[in-house]
Amino acid sequence: MSLSDAMGRFVPDGSAVAMGTCLESMIPFAAGHELIRQRRRDLTLIGPISDMLFDQLIAAGCVARIQAAWVGNVSAGLGHAYRRAAEQGLPRPIAIEDYSNYTISLALLAGAHGLPFFPSRSGPGSDIPRDHPGFADGVSPFDGEQVLCVRALRPDVAIIAVQRADVEGSAHLWGNIGISEEAGLAAERIIVLAEDIVDQQVILSDPNRVLFPAFRVSAVVHCPGGCHPSPVQGYYRRDHECYAEYHRESRTPEGTAAWLERWVYDVADRAAYLERLGAERWARLRQLRPAVAAPVDYAW
Amino acid sequence: MSLSDAMGRFVPDGSAVAMGTCLESMIPFAAGHELIRQRRRDLTLIGPISDMLFDQLIAAGCVARIQAAWVGNVSAGLGHAYRRAAEQGLPRPIAIEDYSNYTISLALLAGAHGLPFFPSRSGPGSDIPRDHPGFADGVSPFDGEQVLCVRALRPDVAIIAVQRADVEGSAHLWGNIGISEEAGLAAERIIVLAEDIVDQQVILSDPNRVLFPAFRVSAVVHCPGGCHPSPVQGYYRRDHECYAEYHRESRTPEGTAAWLERWVYDVADRAAYLERLGAERWARLRQLRPAVAAPVDYAW
Amino acid sequence: MVLAAAREIRDGDVVFVGMRLPLIAFSLAKLTHAPRAFGIFENGIVRGTPSPELLYTMSDTPNVAGAHMCTRLSTVMAQLGRGLVDVGFIGGAEVDRFGNVNSSYIGPRDRPKVKLPGSGGGCDIASLARRLLVIMSHERHRLRTVVDYITSPGYLAGGGQRQAAGLPGGGPKALITTLGVFDFDPDTQEAVLRSYHPGTTIEAIQEQTGWPLRVSPSVEETPSPTTEELTLIRRLDPQGFWTRAGAG
Amino acid sequence: MVLAAAREIRDGDVVFVGMRLPLIAFSLAKLTHAPRAFGIFENGIVRGTPSPELLYTMSDTPNVAGAHMCTRLSTVMAQLGRGLVDVGFIGGAEVDRFGNVNSSYIGPRDRPKVKLPGSGGGCDIASLARRLLVIMSHERHRLRTVVDYITSPGYLAGGGQRQAAGLPGGGPKALITTLGVFDFDPDTQEAVLRSYHPGTTIEAIQEQTGWPLRVSPSVEETPSPTTEELTLIRRLDPQGFWTRAGAG
């Protein structure tokens, strides 16, 4: 399925979308940019930390609500668009439900199990759970101990980038994982963005590395380079300069608009984006030192 | 560390021990037999289903309590020693705390997180949670919904068999996993039984396949063939006949004693056990069809 | 019995396979009318194809080969928890007319006559699968008015009690025995004989059933196995380990 | 600041590293006095060796290479939950004298003057690490009597309130700033200046501190970096991305 079709079909206005679940790597920028191009509105964005992508979607006016532990730009600083939306309501007001990384992972884990909540020892005494629909005080029925309870989160869709997948949706993800498993299993639908589409036998040869049951995956999109400027282990490194550049240019609404025009609205798709990035720069990011995993034999 | 030292040092009388966490595969029979030889007493055995090993430990009088979802002999039938202990208190009475597979995994998952309990949707209406210290009725603080709560379990030690490990305890396990991760992370100590001890670089070349943080592992034991007659993916197949034979012979206390004498007390260690099994039979179980996993490159 | 079990699997179903005989039923369904079904095994395996060899246990090495996924038990159980498992199989030592299954204790729990192995995943499947299929050797001491212990909840005492207990799954859809197949009355939630296997009679079934039999007005003989089905069963279980009389 | 942070790591510690400057502090400690320390990163990485290259983020590809483990965020957080993390670092925009950190909102939450990025793992580390190390640029508007919002709980209002709130972790062990290092009084749980960095004075620190400074009777100048430490910092961060003045 094309990225454009997948976003059009499975991520309507008003969706609650989990993205960037590996933290700073494997961020599906291509999917976020496609949602911006399709002028999606009233999204709820769900993630652990978001390194720049949520800021861009907020800047483009796609977002009504944030449920996350951290939104900004990890190597460069605060998220300017996030600030403008939260402080001035520009381009539109957003509702913010703050989490910590641990508590959002527990919320999604509870959602993945179809359970109403999980308890947490992180959070008491913090202002995060105060006046927050996702937290409530509870009691352990075993010893009467007070516990903080975290309400289950069940995103409408989780967009998960992987290195390789088969056409049915069985996928291999390697490197750091973050909350990808919990987020995908908690979601009603999973969309997989793959650097490579491979024969099913490749995936099934290593079933321990498969991320989700195939029957949970709604769409598989072949999208090489789809995570740039975030890194993909084995494929390309992080393009630090991109983060610095967006940070500089997004200081003003005008600069942000110009950035979005250049890198999102004015490119038709990820292939055009990579062309604009330039073959030389893209090739440089793909110069890697090999680090092949020791073989494993599932002999039977 | 030798198996005998590891069991002697880390599994004293009265320990709560998780074993057989992969269900019917990767069962650390060698460790269980060593505990029998060392005449360990008053153990609590924790597991999902136990395919024959718990029955043998019960037969040998090592066990005071069972916390498990199923104890028997999967391909052959009921566990005769388990029956004798539960029905007649022979060779000694045992306390039985029944779980289901899902609820014991939740109990261990809560233990792994240091949380007092997790809720469960499995179990209401069943007699399992009745008069059971591990279950209590609770209420979701979000909507007042009644939920069954499962109390955290934290074994003193988890004995986990793997295909390969380094001397520090970083280990690769492949094939089916069961509750190995939850049980290990819930335990105070982890003992790893490895078919092969390999160079650390082999393990670190594939960090996604590593089961536990090295700092959680108390001992690594090199124990080839340590899981026979249960299967080890890539190493040997299940020896079905062994299960049938134990089932036949353990019908009577006398037959059980003879079996234990022959296969446990009268063999010094696993090498002697494999010798008694016979080179030809052991070689036959190791005749496998190769199934090598597709390569993965963690290039950076 | 294995045939009747296989026939309850629909194409595209996510099937929680469980131990023993359902291993064969799943393979049979995959090879006949349900090629797109997925099988879930509680050890963490998800398969889109039958195992390449007869399994004595779900964790045998052939069941991993070619699996779609090998993950944690808790992750596959979470599929049950989310209500995404269409059909689940359980067996046991006793069943009552509301589909409650005992696989734990015959006699009182503190001094049992027989200590049975326990739930395994049975209670989980019974609690959470959308359609629960109970498989049982049809003997009078197994099909009892009241079971000694409810390991795996069916409709409890009927009349909506299951729902009131907070159980989200759909409850028993069929009770498949060595003699026949029962549905469950949507109102009373009692077992109603839907079909009797070739070679037996309703009367013989009543004799082996511990409660007064209710028989569907449209009761019929269970359709005979096709040649293809028989051939496949013999291929899947050449020595009849799971499918010979009295096995499983 | 990075040096003072590194020195708080003991050999054999399990260190929850966090983002930014602690990335360098962990590497520095590993290469000097704490070769057997393990680093935990909230993206799921566990490392027994420093990353082979400067990291801009913990998820950069070099941080995976040679890692001891790459697992789920929830699994590494569970190590915190079990009380097995010896030391954790957090930063933020504001800290009060009880070590409570704000990285969420300057001004009221419903109409903030500045919306900061949020907790990340900060609240988790502050709640659950055995020894919490707070790292802060030392400016008067950052070291405040009361912070606008407690993202990451320290000792709350002191006097045992942290424990009463049900927080199991040990609470702040040190506040490490660009000007000095504070301990926390075991009774009142207030920050007490332990040392001032070379080139500054207690008076200058008071000027940049929003609360009346408490100074330890044994206050001293922070030990100067050794040549080895300086060499290593330059090797770990050649362009001063995290360690130059104003960075991090």
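Every chain is named by a letter (A, B, C and D) in the order it is written, and numbering of its residues begins at 1.
Quick note on the criterion: a residue touches a chain if its C-beta (ideal position, glycine included) is under 8 Å from a C-beta of that chain, and two chains touch if they have at least 3 such contacts.
Being a predicted model, the structure only gives us computed values, none of them experimental.
*Asks:* Spell out the chains that contact chain B while also contacting chain D.
*Replies:* Chains in contact with chain B as well as chain D: A.
*Asks:* Count the smallest number of chain-to-chain hops linking chain B with chain C, moving only between touching chains.
*Replies:* 1
*Asks:* Centre to centre, using CA atoms, which chain is the farthest one from chain A?
*Replies:* C
*Asks:* If you tally the C-beta contacts, which comes out ahead, A-C or A-D?
*Replies:* A-D
*Asks:* At what distance in angstrom does the C-alpha mean of chain C lie from that of chain A?
*Replies:* Inter-chain centre distance comes to 40 Å.
*Asks:* Just the number, please: Cα centre separation of chain C and chain D in whole Å.
*Replies:* Comparing mean C-alpha positions, chain D is 56 Å from chain C.
*Asks:* Whole-Å distance, chain A centre to chain D centre, using C-alpha means?
*Replies:* 27
*Asks:* Whole-Å distance, chain A centre to chain B centre, using C-alpha means?
*Replies:* Inter-chain centre distance comes to 37 Å.
*Asks:* Show the residues in chain B shared as contacts by 2 or more other chains, in ascending order.
*Replies:* Residues 113-115, 121, 145, 147, 174-175, 177, 181, 208, 233, 237, 288-289, 291, 298-300 of chain B touch two or more partner chains.
*Asks:* Any chance you could list the residues of chain C touching two or more other chains?
*Replies:* Residue numbers touching two or more other chains: 45, 60-61, 64-66, 70-71, 74, 77, 81, 168.
*Asks:* How is the touch graph of the chains shaped: line, ring, star, complete or other?
*Replies:* other
*Asks:* According to the definition already given, which pairs of chains are in contact?
*Replies:* A-B, A-C, A-D, B-C, B-D
*Asks:* Which of the residues in chain D end up touching chain A in this complex?
*Replies:* Counting only chain D, the residues touching chain A are 19-20, 41-45, 56-61, 63-66, 70-74, 77, 80-81, 104, 109, 111-124, 126-128, 149-153, 156, 161-162, 165-168.
*Asks:* Quick check on the complex: what are the chain A residues that touch chain B?
*Replies:* Checking each residue of chain A against chain B gives 110, 113-121, 136-143, 145, 147, 149, 151, 172, 174-175, 177, 198, 202-203, 205-206, 208-209, 233-235, 237, 288-300.
*Asks:* For the complex, which residues does chain C have touching chain A?
*Replies:* Those in contact with chain A are residues 14, 38, 40, 45-46, 48, 60-62, 64-71, 74-79, 81-84, 168.
*Asks:* Can you tell me which positions in chain B touch chain C when the two form their complex?
*Replies:* 22-25, 48-49, 51, 68-72, 74-75, 78-79, 82-83, 85-87, 96, 98-103, 105-106, 109, 121-128, 145-148, 174-182, 230-231, 233, 237-238, 240, 243, 288-289, 291
*Asks:* Which of the residues in chain B come into contact with chain D in the complex?
*Replies:* 112-115, 168, 170, 181, 185, 204, 207-208, 210, 212-216, 298-300
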